[in-house]
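Here chain A shows up in two complexes: once beside chain B, once beside chain C.
On to the complex of A and B.
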C-alpha cells in the first residue's frame, strides 16, 4: 500500500512540476474545441441539434488529448530506464499498474472536467441540472480508456513509432465504452427518459470492468521482461 | 501437466497428411460450393442474383471468427508456456483473420450496394465489424513495429488476448440492441433459407472456407517458424 501511494505521489508530482506537460495537454484540448467549432457552429444549429452532436465532439477531444497525456505518462519512465527502479526493487507489477492507472485517471478526469466546462461555455450548451450525470458518464468511459491506455502505453513506450502505435491499439478497443458513453450522454442532454439497465449502460459498465481487470492482470507480462 | 504436453501444433506444421489433405479438401470444397452457388441454388425472390454472395460472405466471417479463437488460445498458451510455436501460431491466426475479415467486409459492401444502394451504412452490425477489422489491423501493426524487439512476443500475446476478448463484446452485444435500429438481415436466425438447396450449399461453403482458413493458417505458421529458424542459423554462423 505504501509503495502504491509513493508511486502515485511520484507521478502526480511529475505532472505538477513538469508544468509544460499538463498545460500543453489542456491547451491542446482547447485547440481541438476551436477546430470542432469550424465543423458545425458556423451553420448555426439549433439547441437540439447541438445536443445531438456535442457528446461525439466531446469524446473526440477526450480521445485525442487523452492519448497524448497517456503516451507522455509512460515515455518518461522509459527514457532513462526509470521503470527499472520499481520493478527491480520488487514492487508488485500490479501495484505499479494501479498507481499508474490512478494517476493517469486523475489527470484525465481533470481534463474531462475542464473540457466539459470550456465546451459548455464556448458553445452555450445548457448543462444546467445534468452536469453531474454528464461528468459521471464521461468518467466511466474515461476509466476504461485509461486502463487500456496505461497497458498499451507501457507496450508502445519502448517501440519505434510509438506515437502512432498507441492510438492505433487503443482507439478500436475503446470503442465499446466510448460508444456507450456517447449515446448515454446524448440521452441525458436531450433529457430523454432512460434506464440504468439500458443496452448502452450495460455496454459501458461491462466493457469498463473487463478492460480494467484484463489490463491489470496482463500488465506484469509487459513490464517484467 | 504443462500446456505443451497436452496440445501441440505439430499436426498443423509438421504432419504430412495435414499438408496434403487440407489443401485438397478445401479447394475441392470451394469449387463444389461455387458450382452449387451458381447453378443449383434458385434465385432469391427479392434480391435476385445478388443474394448469391451471401454464402462466401458468411463463410469468410466464420473463418475469421475461428482464427480469432485460435489467436486467443495460442496467445494464452504462449504466456503460459513461452514456447515459440504458440507465438507463431498466434501471428499466423491474426493475419489470416485479418484477411478473412477483409473479404467479409468487401463482400458485404458489394451486397449492400445492390440491396441498399449504398456501399456503407452506419448501422450497428456494420460498425461493430469495422471495429473488429481495426482491432485486427492494429494487432498486425504492433507485430510490424515490434519486430526485433526482445519483448515482441509478450506484447503481441497481451494485445492478442485483449483483442480476442473484445470480439464477443463488439459482435454479440449488438444483438441485444433494439431491432428498430438495425438494418442487417438475420438470415440464419430467422430461418430465411426456405429451399433445402440453400442449406446444403450454405453448410458446404462454410465447411470448405473453414478448412481453407486452417490450411492458410498452417502455411503461415510454418513459414514463420522456418524463417525464424533461418535467422537463428544465420546468426549462429
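On to the complex of A and C.
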C-alpha cells in the first residue's frame, strides 16, 4: 500500500475510533442549524428572501463546524509528537499533506451533506432538482477551506491558544471561496442561470486551485520548522 | 569515515546557552554514551543531529554532506535512516501497539512489514498488549512500544534520549539487551541516559557534556 493510502487509513481509523469527536462536530452543526432556523425562519421571510439568505446561513454553519473538525483533524498528530513517526520514516511531507487534505475534505463533505439535509428539513425548503448543484458548489468552496485549514491547523496545533488562532488565520483567507460559493448558490436557489465564465465562478475555481497548491507547497516548510 | 559529524555547533534558547561550539564525530556502527547533568545539552545535541533543531552556528554533516535544515527530510532521511526516541514516544494514541509498529514499518518501505512487525512484537515482549490501543497502555508499556518502533524501521543510527524512563527493572534490562543486539547487527547507537547500571559493549565511547560543552 502506498504511503498516501496508509496515512488516509490511519486518519479514517481515528474518525471511527474517536466517534465522540465526529458525533460532537455533527451535533454542533445540527445545533447551529436549529438555532438559525429559530433566528430566521420565524421572522416571516418570503420564499425569495429565504433564497437570498440561505447560502449565507449555510456557510456560517459550514465555517463554524468545519473549523472544529479541522482543529481536531490535526490535534492527534501533535499529541505525543506522533507526526514525527511518519516524517522520520521518510514520508514526504507533501504526501502527508495530501492524505490529511483528503481525510479532512471527506469529513467536511459529509458534514456539508448532513447540514444541507438538516437545513432543508428545519427550514422547510424543498431542494429537489437543485440539491446536487448546491452540494457541488458547497464542496468546491469546502475544498479551498479545507486546503487552507489543513495548513493552518498544522501551524496552530503546537501554538498556545490554537483554538482561537485557527479561525483567526483561516477565516479571512476563506472569504474569496466562500463569497464565490455563496453567490452561485444564491443564483441556483433563485433559479437564475450562471456561466462558467462568470466572475464568481472563476473566483471560486481560482481560489480552490490557488489555496490547494499554495497550502501543499507551504506544508512541507511548516512541518520542517 | 564519520557517519555523523557535528562541527562547532552552537545553539541558544533565548538567554540560555544549550550548546557552545560542540564538535562530535560518530562513526558507523559505533556505540556512543552521552553523559552529563540536566541541562548539559544532550537532548539539544540529539535534536540538532536529527535535524529537528537548526543550530545557530556550526555544521552538521551526514556522510560528509552538510545538512541544510530545509533539505533535511527529502535528501537525508532516506540516506541516513535515523530513529529517534525523545521524551515523547511519537506513536498514535488511537492505534494499537501492533498497528503503530506496522504503520512505521510500512512507511519505512520495509519488505515483509507484517513479518518484521511480528518479530519486533516478539523481541520486545509486546505480545500481551499488542492489540491494545496505545492510549490504553501504561507509561512503561508505551515506552517499550516506542523503543520497538525505533527499530522496526531498520535504522542505520538510533538516538535514544533517556529511553529507560518509566521502565521497571526487568523491562529496562530487556530493552538494554535489544539495544546491544541491534548494535551487534551494525546499528549505530547514540544513547543519553542518567542510568548508571547499564551494560555497554566493550568498544562503547563516552561523551561527557556539561553546560553545553564537551568535557571529554
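Observations on the structure shown:
Just so we're on the same page, the second predicted complex is superposed on the first by the 224 of 225 C-alpha atoms of A that agree within 3 Å, B and C clash if a C-alpha of one lies under 4 Å from a C-alpha of the other, contacts with A are read in each partner's own complex, and residues count from 1 in each chain.
Note that a residue touches a chain if its C-beta (ideal position, glycine included) is under 8 Å from a C-beta of that chain, and two chains touch if they have at least 3 such contacts.
Just so it is clear, the model here is predicted, and its values are computed rather than measured.
Once the two complexes are overlaid on the shared chain, A:211 sits against chain B while remaining clear of chain C. Using the contact criterion defined above for the overlaid structures, shared-chain residue A:199 touches chain B, although it does not reach chain C.
By the touch criterion stated above, A:87 is placed in contact with chain C alone, chain B being left untouched. Of the two partner chains placed by superposition, only chain C is touched by A:6; chain B is not. Once chain A of one complex is fitted onto chain A of the other, the partner contacts of A:187 are absent, as it touches neither chain B nor chain C.
Shared-chain residue A:158: touches chain B; no touch with chain C. Shared-chain residue A:112: touches no atom of chain B or chain C. When the two complexes are overlaid on their common chain A, residue A:221 makes contact with chain B and with chain C alike. Shared contact residues of chain A, touching chain B in one structure and chain C in the other: 221.
Against chain A, the residues of chain B that register as touching in their complex are 79, 131, 134-135, 137-138, 141-142, 145-146, 149-151, 154-155, 157-159, 161-163, 165-166, 169-170, 173, 176-178. For chain C in complex with chain A, the residues that touch the partner chain are 50, 69-70, 72-74, 77-78, 81-84, 86, 88-95, 99-100, 103-104, 106-109, 133, 149, 153. The residues of chain A lying in touch with chain B in their complex are 148, 151-152, 155, 158-161, 165, 168-169, 171-173, 175-176, 199, 202-203, 206-207, 210-211, 214-215, 218, 221-222, 225.
Across the interface of their complex, chain C is touched by residues 1, 3, 6-7, 10, 13-14, 17-18, 76, 79-93, 220-221, 223-224 of chain A.
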